[in-house]
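Heads up, the next two complexes both have chain A, just with different partners, chain B and then chain C.
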Partner chain A sequence: MSVKSYLKPQSVTDALIMAKTHANYLYFAGGTDIQVYLKQQLIKPDHIIDLSDIGELQNIASNDENISIGSMTTLDAISKNNSIYKDFPLIVEAAQSIGTPVIRKTATVGGNILVNNRCNFYNQSFGWRQAIGSCLRDVGDLCQVTKTSGKCFSRNVSDLAAALFCLDAKVIISNQNEGLELSIVDLYNQDGIDFHKHLDHDGILTKIILPIDAGSTWFKKLRIRNTLDFSSLTIAAKVYDNRNFRIGLNGVSMSPVLITGNLDMIDLEGIKSLARKSCKTVDNDMMPLKYRREMIDVYLDQWWVSIQK
Partner chain B sequence: MIKVTLNINDFDRTLLVEPDENLLYTLRERLLLTGTKKGCDQASCGTCTVLMDKKPILSCITPTLRCEGKSIHTIESVAKNGKLHPIQDQLVKHGGLQCGFCTPGFVMTSIEFLEENKNPTESEIKEALSGNLCRCTGYKKIIEAVKAASEDMK
Partner chain C sequence: MSGPIGKRTPYIEAVQKVTGQAQFAEDFHFSNMLYVKFLRSPHTHAKIQNINLSKAKKLAGVCAISIGRDLPIPFGVLPISPDETAMAVNKVRYIGEIVAAVAAESEKIAHEACSLIEVDYEPIRDFLEPDDSLIDCSPDEQIHSHSKNGTNVHKVAELYFNDPKKAIQNSDISCTRTFKFAGVTHGFTEPHATVAQWNDDETLKVITATQVPHYLQKYLSKVLEIPLHKIRVIKPVVGGGFGGKSDPFPHEIITSYLSIKTHRPVKCVFTREEVFISNHGRHPTKMTLSVGADKQGKITGLDTDIVIDGGSYGSFGVVTSYYNGVLLQGPYRINEFGFTTTRTYTNKPQCGAMRGHGAVNPRYAMEVIIDELSHSLKMDPCDFREKNFLPANTLTVGQLRITSNGVLDCLKAVREKSAWDERYGNMPDGRGLGIACGFFISGSALPINWNRYPQTVVHTKLDFDGRVVIFSGASDIGQGSDTMLVQITAEELGITMDRVQVEVADTKLTPVDLGSYSSRVTFMVGNAAKSSSIKLRDELIKTISKEKNIKPESIQFENNRIFTEDKSLNMSWDEGVEICLAGRGSIVTMGYYISPQLGGKFKGSGAGLSPSYSFGAFISEVSVDKKTGAVKVEKVWGAHDCGKALNPLAVEGQIEGSIHMGLGQAISEELVYENGQFLNSNFIDYKIPSTLDTPDMDVTIIESDDKEGPYGAKEAGEGPIHPVLPAIGNAIFDAVRVRMYELPITPDKVLRAIKEKI
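This part shows the complex of A and B:
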């Protein structure tokens, strides 16, 4: 057993103090994914800071302009919230596509937004990884996917992130400094190892703010089974009343991808071309690379048909 | 080791656990409640499902120390006074088990589901049980048993 202590702060302030006074700590949200990382020895923290007792992170509040969701709200809770269901059916659809009904009772919004990137050659048992040898994110200096030492292309698989990208959501981070509010788009790096930004100084993602804005939304997720599996491709899209659109793609690149434009200024082929250029898709998923690339076009075709109705 | 008091099946149990110990290990190895099974041990099969404050959780990924102050119920608490729970009863009647390894998980998941949904459709049952794997019976008889249990529980 490598973990020395399990800490349960009652407030964000407590959590930040604990983070400051404990080296090599790990914030623990729902833990449905990170527990597997611990079992597979992909991460080895000395201290676990469990955020599940912090009530202020579990609130959902709404006014005429926006809805704010605490980062420790479970996926099950947001699926059953009337305000979110009414104004953001896309969020409900995305949340219900994650994990299984039982996992969604524990897994949190913040945990999904900050889910670790995945790769077929990284998310494996310790013995499996030892047998295969080098991985840029684990040990060694050679990527098993690209057979180079250049860059890690592990995939971001947050379904909520794709949805939040196209809803133009903001996130609030508390840290040892003043904290900050930023667009969710700025939370991610196009990097398979260092995949999140702005979480330094012991940063905790505390809140997600969704602006209420009219428009039609669309969501589709590709995975081997229609339950449990992480995304092989997620596309969420929103078309506003002025025909502006925002499309969030995930599961096919190191970070979620955002495509924006106006339907009067670009056609379907133009959008597909933008998607192909923006996604750094490599062969690191159970589904074949060629199929996943083709499915981006297929899903965009389906979205296009849906908005013509 | 850390001292912790857990309420398991309506009894308080005080014991020493490791900081990163999961509830499945505590139940099986420290409290010898071996009805809760260790399957995949990575949140994929559902056979370790127990109830925490009446909601199903996967004990293999739940830290034991998170359970302090919560009420935990395992499969051992489901049958009362020698009488099977309607879900257990219908699983037997429908032949919804062969080796029985996955059965505790199916029962615990179904209990909460049927408490929340008194009149479930087949597709709702399939969705609710989608995190539970069975490798021998197949799912048809299990789904039929849960549907029949929903009638018994009305």
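This part shows the complex of A and C:
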């Protein structure tokens, strides 16, 4: 790793100026994941722009209609915020499923939402990748997972994204233009290499806005250990007004997957079928592919049982 | 005992460790120091055609580069299997093997220089699965030319006593099953690290994270061609070993060589990935085990065929091969007994010794089959085991000498504490209990390198300041042997532990100890320390009795005082020291340990011989989610016979650590290979259980008072792991009625087994 400068802007405006004047930069949030990428030479920025001193990105504010969470709020902080705990227990549950208590002291909401996609064959050291020879996302034209050259299926593993999908969250992005507000769903591409959208023009995810409304939520994460592990499958679900539902799935496709509908219009088998079709799951996780696919059905069964109560 | 023996005693270095003051190998810094990085092979099996160092040599800050032909002398921890060189010579045998090493002014420069080294390889057919290695191949394709019969077999170890096949065939019932075990690795916290310093007087000092300073000294001497007396190996504080630091390692030899070459101190610290690549962990294993029994539940015979995947080099593999079989001779009486273990070379990182060496996987198989036999006979699995236990003071069929044996007490303890009799077989669907037993050596009775010396020597020095210093080569790697030495010495001299200090594991200052492996330290070094302390006490008694005209046998030592019962003598320790040292100054006493002559006269009879054996019985309680296959180990009751707990706190820690480590191999840990390299060489993807995955533990220490152990003590560091895994496997059967024959028992496998049963 050979970084020429490590910059610590005090405001979003400063950060955008730095981004404009430093080619090949990297925005750095909590850094718990991205440091591994640096060490493994998966990314080679010339400049690091560390956002941790920007106070405006660490605010949590609420009114009667919504809560806004600064993107640099740590996962630990949102877990301990009374407003979030009261109105969005799903967010707390999702946040507490990420990393470990120590990691959550540093890892941020924005960092998790924009966590890089993962693949067993990509998230390896330089020497390992050299030995394996080719990876669509790295070098060469052959995917080691599918043994084809068509498409990268690296998977999104943001647990918060699954929760935010079903809460219909909005995100605010500042950039060199006017900035923009969009649904979190529009932040993601179904693409294992180019997996985020709308972050061009030096875009910085600054806020997440959660509309406060009633509904019952459900969350489950598949992993071998009860802590630390990245998701092998995350399902977050919400049932609200007149039996409408939103289900966010992640860890099983190149982007988080959203399934919406009304429980009077579709049955469990229909929802499962939609989930299976929407998820482009391949064998790129430590858990076997067949099992992860099976668990989509099993978890949806469990969610279904929970809403019958 | 009036001193610290038998009392819960925190480790003497505990405060240093938790406050960050303890010095690990990486913490040693010297002025003018260089740093080493390695160029590693990207091929599983390839001839090295050419190495071009010209670009790397030109990089500013590069001080020395070495390649395989600089250090061509082969070595290996076992003298019968010296098949490794410090770096690849002529060909590479696994991805990650060291091809070249650069010493430079910084790690960064060394790393960059490695990337500038150009190597031309000619790939050779690789052998990634043991089954492939069993088949004939051309000499050019062999991983090692010394493999017999044109295969890639490293070792075939077999022993047969009587006719087990026939006995099983003629049994009332029998059970034959095939088991598969994934490779696992040690997962110690501190990565490998070495600092080497070549001195002006042409002596070499090596500070390194090792379990075996003495063996390292020996192989440094051999490969570097330097006399033993010019080499000093120092083991600083070590952050865990579990067998993974019990070989002499290439990086230790290369770092030393580069220090000699540059006349500067040189440091090497592995990344976590390099630790994984270095491996030396438990062998991936496939075994078919047959056990017969009569209608009364007596075991009639055992026969097993085992193939272990050794990776590219030998390491402890010959011993592992024997241990896979011979350590099935207990804790049950089996008179018709036989095994064949085949260790294959494959083009993967080498396997070696790991906690519970060689016997963990077969123990799982044995205990699961016993469970099956019990069920076939409609007999309680605890009762079945009880019927078959070896007694104390007996010989096994292969002439392992059993002395003390507390296995029955172990079983009774966990049976009662877990309320086994009320709950086993009566728990709700998805919840179950499982029992398993085990035994293990308290040190190998034979040294690795045959010689006429004792297996360990301890010196005890008393000086005018009243301080007692113990000099021992014993390597404390976190198991508490330094504390044990202090406890024993304080006990024998009747002084408080603060008056006793240790100088350990420094081949210049301390007498030889063979190392921390095979659970030998408490038994062997403990005996030597006790003997040495007694000699020192006798010296004190002799001089004090003479000066004070008191009968020697009436003098007692306790609480820093030297006295007689009638108080005609009542002096402080310091006063006694002054009398003892008057006119001659400090004194040094010596104690040693040599194992008794043990074993039979047949080939392979030395394998598994130990002056004593530990025993244990564990019960696990699990819950199984039948929809997902997820297993949660709720509680483990463990009872271990360690002879005498010199430090119950340390023994409890060892048992708890064994439960945690056994849990990992049982349900989550697995080295996953992808074309010969590990897919999961990091602590995210290699799944060591977290605190949240670790069950409640109930630990019982059984003290069977071994007649030859120090104060009756036996081992406690490795034996407790053996029953943990099968107790979990058997509990899963009780919970959901499926037998798990493949480890780790991940949710997908459990779910598949449940579905297949339906």
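Quick note on the criterion: the second predicted complex is superposed on the first by the 307 of 309 C-alpha atoms of A that agree within 3 Å, B and C clash if a C-alpha of one lies under 4 Å from a C-alpha of the other, contacts with A are read in each partner's own complex, and residues count from 1 in each chain.
Simple rule for what comes next: a residue touches a chain if its C-beta (ideal position, glycine included) is under 8 Å from a C-beta of that chain, and two chains touch if they have at least 3 such contacts.
Being a predicted model, the structure only gives us computed values, none of them experimental.
Novice: In the superposed arrangement, which partner chain does A:E294 touch: chain B (first), chain C (second), both, or neither?
Specialist: A:E294 contacts chain C only, not chain B.
Novice: Considering only the touch criterion stated at the top, classify A:T227 as touching first (chain B), second (chain C), both, or neither.
Specialist: After superposition on chain A, A:T227 lies in contact with both partners, chain B and chain C.
Novice: Is A:G31 in contact with chain B, with chain C, with both, or with neither (first, second, both, neither)?
Specialist: A:G31: touches chain B, not chain C.
Novice: Go through the superposed model and pick first if A:Y85 touches only chain B, second if only chain C, both, or neither.
Specialist: neither
Novice: Quick one: is A:I48 in contact with chain B, with chain C, with both, or with neither? Answer first, second, both or neither.
Specialist: Only chain B is touched by A:I48; chain C is not.
Novice: Identify the residues of chain A that lie in both the chain B contact region and the chain C contact region.
Specialist: Common interface on chain A, chain B vs chain C: 100, 226-228.
Novice: Show me the residue ranges of chain A that touch chain C in the complex, using the header's touch definition.
Specialist: Going by the criterion above, the answer is residues 100, 120-121, 125, 127-128, 130-132, 144, 222, 224-230, 286-288, 290-291, 294-295, 298, 301-302.
Novice: Taking the touch rule as given, give the residues of chain B at its contact with chain A in the complex, in rising order.
Specialist: Residues in contact with chain A: 2, 18-22, 41-44, 46, 49, 55-58, 60-63, 65-66, 109, 113, 127-128, 130-131.
Novice: Sort out for me which residues of chain A touch chain B in the complex.
Specialist: It is residues 1-6, 8, 28, 31-32, 35-36, 38-40, 48, 50, 52, 99-103, 105-106, 226-228 of chain A that touch chain B.
Novice: Touching residues of chain C toward chain A in the complex: what are they?
Specialist: 40, 42-43, 95-96, 271, 273, 627-629, 668, 672, 674-675, 677, 679-681, 684-685, 687, 689-693, 746-748, 751
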